[in-house]
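Common to both upcoming complexes is subunit A, partnered first by subunit B, then by subunit C.
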Partner chain A sequence: MLPSDAPTAGNPILSTHNLSMRFGGLLALSEVSLAVKRGSITAIIGPNGAGKTTLFNCLTGLNNPTSGLITYRPQEGQTVNLTHGSLDKAARLGLARTFQNIRLFNELTVLENVLIGLHSRLKAGLWGALTGNKKTRAEEALALELANDLLQKQGFGDLTKVLAKNLPYGLRKRLEITRALAAQPTILLLDEPAAGLNGGEAQDLIKLIREVKSEGNLTIILIEHDMSLVMSVSDEVHALEYGRLIASGTPAAIQRDERVIKAYLGEE
Partner chain B sequence: MNFFLELLVGGLTKGGIYALIALGYTMVYGIIALINFAHGEIYMIGAFTGLIASLFFSSLGLTGWALLALVIMVAALWAAMYGLTLEKIAYAPLRKASRLSPLISAIGASIFLQNFVLLTQTPNYLLFPDLASDLPGLSFLKPIAHLASPIQVCVIVMVALILAVLTFILKKTWTGLAMRAVSQDPLMAQLTGINLNKVIARTFILGSVLAAIGGVLIGCATRQIDSNIGFLAGLKAFTAAVLGGVGSAPGAVLGALILGFAESFTAGYFSGDFEDVVAFVLLTLILTIKPSGLLGQKIAQKV
Partner chain C sequence: MSLKALKLTLVKAWPGALWLIIVAGPLVILRVNEITGRVEFVAERVVKLLVGAFLAAFLWGLFRQLSGSPEGRKGNPPPLKRLGLSALIGAFISLKVNALNKSRLFWVIVALCLLFFPLMTSPYALKVATSVLIYIALGLGLNVIVGLSGLLHLGFAAFYGVGAYAYALLGHYLGWGFWVCLPLGGLAAALLGLALGLPVIRLTGDYLAIVTLGFGEIFRLLLTNLDVTFGPRGIGQIAPPGFFGLDLNQTFKPFLEANIGLNPAMDLNKVWIYLIVLGLVALSVKVASRLENSRLGRAWLALREDEIAARAAGVNIAFTKLTALALGSFFAGLAGVIFAAQITFINPPSFSFMESIYILVIVVLGGQGSIPGIILGATIITVLPEFLRGSDNYRLLIFGGLLVLMMVFRPQGLLKRGR
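Moving on to the complex of A and B:
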């Protein structure tokens, strides 16, 4: 099945130009230039150690690229250089991500984890909270409502007061995505969202990805090893190998690409 | 029995004040894994500011509760500015340095602040005005005056109130939530858009306010202060924080109370000379037996 709506035309929402990342003697990314279309679901594939997560880390400010350029266009006509962004800068500009090995706030409740996601959008300070300021109270009430709505929708029902560490794996994975969504991101970056999920959960995930994309004006970039998931949800696929971009194109084109077949799908 | 109760109240008073200081240590440690050794000086500056403010306001004719409240507010504000400046000058530039550097910087800041006050104020003991012994409306405490002086009751009630407010801040406000998130996973907290510098600044402000209130209260209770009081109080509060598990706010309060009681009973039943010995024996014991402290979760590997 192919994705329903074609990506909107115009400038790419995110692009990298000759992006390189060197860790000592290891070139994790080597002159990667790729573009992500606004409103698309873009998959990054490649064998282990190909540099996929490093690419995510560069995009979200976790790693400082050795050279190259990252350009982000939150809206048409607005251009931000994200190359050396700080950690919270990328987040506040609308990039939210999940991690391969889930990174929740384990000692916080499910609800609090989602509230943290909303945090970046709030303006209320400590003083307002202590003095019971009306504006602050309204804002907090609204945030609480938003968080609860989001959690209900994602099927957390009466689990909102449970500590994150006590959730089963599948729900922890889902909570991490929910927290990222709470920030109402422009771009959602998912690092191996299907890893470790069983068949049913993976199906739910595909549904979730399609849903959030069609509902919000959202661009999704995902790293994934599950080829059936990649082929069924993505509009465009970029394949990495040893830090180099070896192919870009539609899922169908990537499946036929010889270098990709050789590097990733295995040589016959 | 009366003697025992007296010691109990004394221990509670002492422990309460230690708790106010220990919370500052433990919160800062929770956020940036730094033992802020200059924290005791903030407490001392709080006491000095309280002294100056009380002389000023009482010369304007203020008395009773209004005077006490104003003095505490001024001391808290002034100390908060010191705390914030300390963070910006002594720690913020070292955020990415090795762990030892900010620790040395903290010790340097402590020595500096101590001597700064010594030189600009006085090297002598100063008499702290009697702000709390004759507060209107507290005459109902007369019957128990032989057990607990009005000052002690005042200290205990205020510490309880402050702990309630602090719990509210940590559990129910955005700032508290951000602080808890940062202390668990600073990197992820930033990736969700939390401004680390802001959270650190607020933590220092909060800790300094608590320490300054402690400083004013200790001034009221002991009636004399000098530029050295921050050193021993800081060490004791640090002991309390380690005892309870550094990084844990309830742990700091628990550790402070245990320390307060231990000191009070030692002084009462043995000799006042052994007070400090007991405090540091406790520190040594807990570091040997349970390095993570009573309520601590992680081994204090970062010290």
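Moving on to the complex of A and C:
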């Protein structure tokens, strides 16, 4: 059962309630309560070590919070408790993510990376793989088509057979996002998608984020240090400092928020 | 050495050079472009190939002359050499030339050669060929675990042993036949694979290697010390596989000897086992290549590459690891049953740690995850020691050296997994 004071206003798709995460003596997250609106782009900002990635890890089940509650509403009227989830379960429920240090399948090709991204949308099990029956072959053909289409669209035209490790940095970042998109997620979580990108690549990224959001019924949560990107794409911003949520609001409001300014620039 | 002899050597080098060009030529002048995945022709290497092949053949002839080998020996080379050569030629041609790989006619010819091989050869060569096939099956099994899923398994011989002992014991105590025991042996090994897998789901890398190593040793020690398994004495007189209740040697041998020229020393039961394992390997290759390009196969690869990223893509790690272990062990169990039927006597030392290492070497040598590589690796690992029989004591030393050289010059294995 959910506590009655859980933040449910506006029917958020994902919400946390008093989320805390402790690593030994370090309190990485402290009583964080926030709500992510359905179909919005939400940015999590904060100085290094503020707990942004830990928050992501809790949301996607890579870490389980020490206390608190995570509620996920994939559809209206459907409520899933994600508090004690796991990474693969969250993925199957529609939460796809990227990682701060790109995690690609380096020795596999670009195409194989995206095919693995499709994993949760395919059904074939051990029996299908062993016998190669009609249903499995049809599914495999469909998977190839989906993956190739997606790769064409994301500009990997001639590169589908290249090993992921041989891609330049910008494309590696893009491939990781493409792999996450292959799962057709409900929520896409991007951990510093613009880190290390040059100006042009960052512009492409902004375009990509807007596109995928408008095409699919997608909610995007991103961690980002690039403030121009955050301010231009996000609908709502949450600022963390030392594991605490210090401000939430529209980009314009966050820019004026004294505590955020203090956290970034220090006090006089 | 006279000038005349030298001239003769020069002339005689030509056929050898030609042979080298045919066998090694494709390796030298064709290059796979890793970016585009296309096969390219490298023109500037043709001269190198011609000169190199001739030089090598000439030096070999010179060496034979100087070392006093019988010159101008008539008749066929001994069967083993023939086997080794044909295996190597077959391996190179089939693996390196992609166009041939796709031609159906080529595969029909290969299949016919393999099917009629027993009629043309000696019992000894047949035994070696059967061993090669058994090791291919074992290699394919371990490949699922080590090559595709990246789980370092050092106790694989135990699962091989489970199959062999399942057949031997069920035959001895219950009188069950080969065809009943073949699936049972596979299943028993698969179940044991699951039993090993459950407690080690969370282990990876070195820790998994240690656990599997210990598991293999426990299995061997159990076999040695239990009364049920006849301890170190082992079990003998294991029945050959049945053929519709007929005695093969009585029924077919006179006819085959008279009309087809079968070697009189050949035991038709062994021929039957060869054919069974040949069919099984063909099926295994088919299944293994299907697995590689399936959702499950990709999950194994993802697990090998990055466990966290695999989970983030929705891959269930426990299920993926367990299926890899169970399926790989199933292959080993089948191979074990056939091994027991072939050799008719098994004892614990057949399933020692060294055996696990041999199978691992097959996978690593051939190229992890590559099916053609495993076929080549199994052939080398089985046939090479037969050539080195004279220097039996140095066998392990040579193996060790080979592995070190491999890791230095070709860490990805002889034949890398293609895409």
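Just so we're on the same page, the second predicted complex is superposed on the first by the 251 of 268 C-alpha atoms of A that agree within 3 Å, B and C clash if a C-alpha of one lies under 4 Å from a C-alpha of the other, contacts with A are read in each partner's own complex, and residues count from 1 in each chain.
Keep this in mind: a residue touches a chain if its C-beta (ideal position, glycine included) is under 8 Å from a C-beta of that chain, and two chains touch if they have at least 3 such contacts.
On a predicted model such as this, the values are computed, not experimentally measured, just so you know.
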* Aligned on subunit A, subunit B and subunit C: do they clash or fit? -> clash
* Asked: Touching A:115 in the superposition: subunit B (first), subunit C (second), both, neither?
  -> both
* To do: Check whether A:206 is in contact with subunit B, with subunit C, with both or with neither, and answer first, second, both or neither.
  => neither
* To do: Name the contact category of A:161: first (subunit B only), second (subunit C only), both, or neither.
  => second
* So which one touches more of the residues on subunit A, subunit B or subunit C? -> C
* Determine, under the contact definition given at the top, whether A:80 touches first (subunit B), second (subunit C), both, or neither. => neither
* To do: Could you tell me if A:105 is touching subunit B, subunit C, both of them or neither one (first, second, both, neither)?
  => both
* To do: Residue by residue on subunit A, keep only those touching subunit B in one complex and subunit C in the other, then list them.
  => 60, 62, 86-88, 91-92, 96-97, 103, 105-108, 112, 115-117, 119-120, 122, 124-126, 129-130, 140, 179, 183
* What residues of subunit A sit close enough to touch subunit C in their complex? -> 60, 62, 86-88, 91-92, 96-97, 99, 103-109, 112, 115-117, 119-120, 122-126, 128-130, 132, 136, 139-140, 143, 161-163, 166, 179-180, 183
* Show which residues of subunit A lie in contact with subunit B when the two form their complex. => 60-62, 86-88, 90-92, 96-97, 103, 105-108, 112, 115-117, 119-122, 124-126, 129-130, 140, 179, 183
* Structure fact -> In their shared complex, subunit A is touched by residues of subunit C numbered 34-37, 287, 290-291, 293-299, 301-302, 305-306, 308-317, 323, 327, 419
* To do: Please give the residue numbers of subunit B that touch subunit A in the complex, ascending.
  => 165, 169, 172-175, 177-178, 180-181, 184-185, 187-196, 202
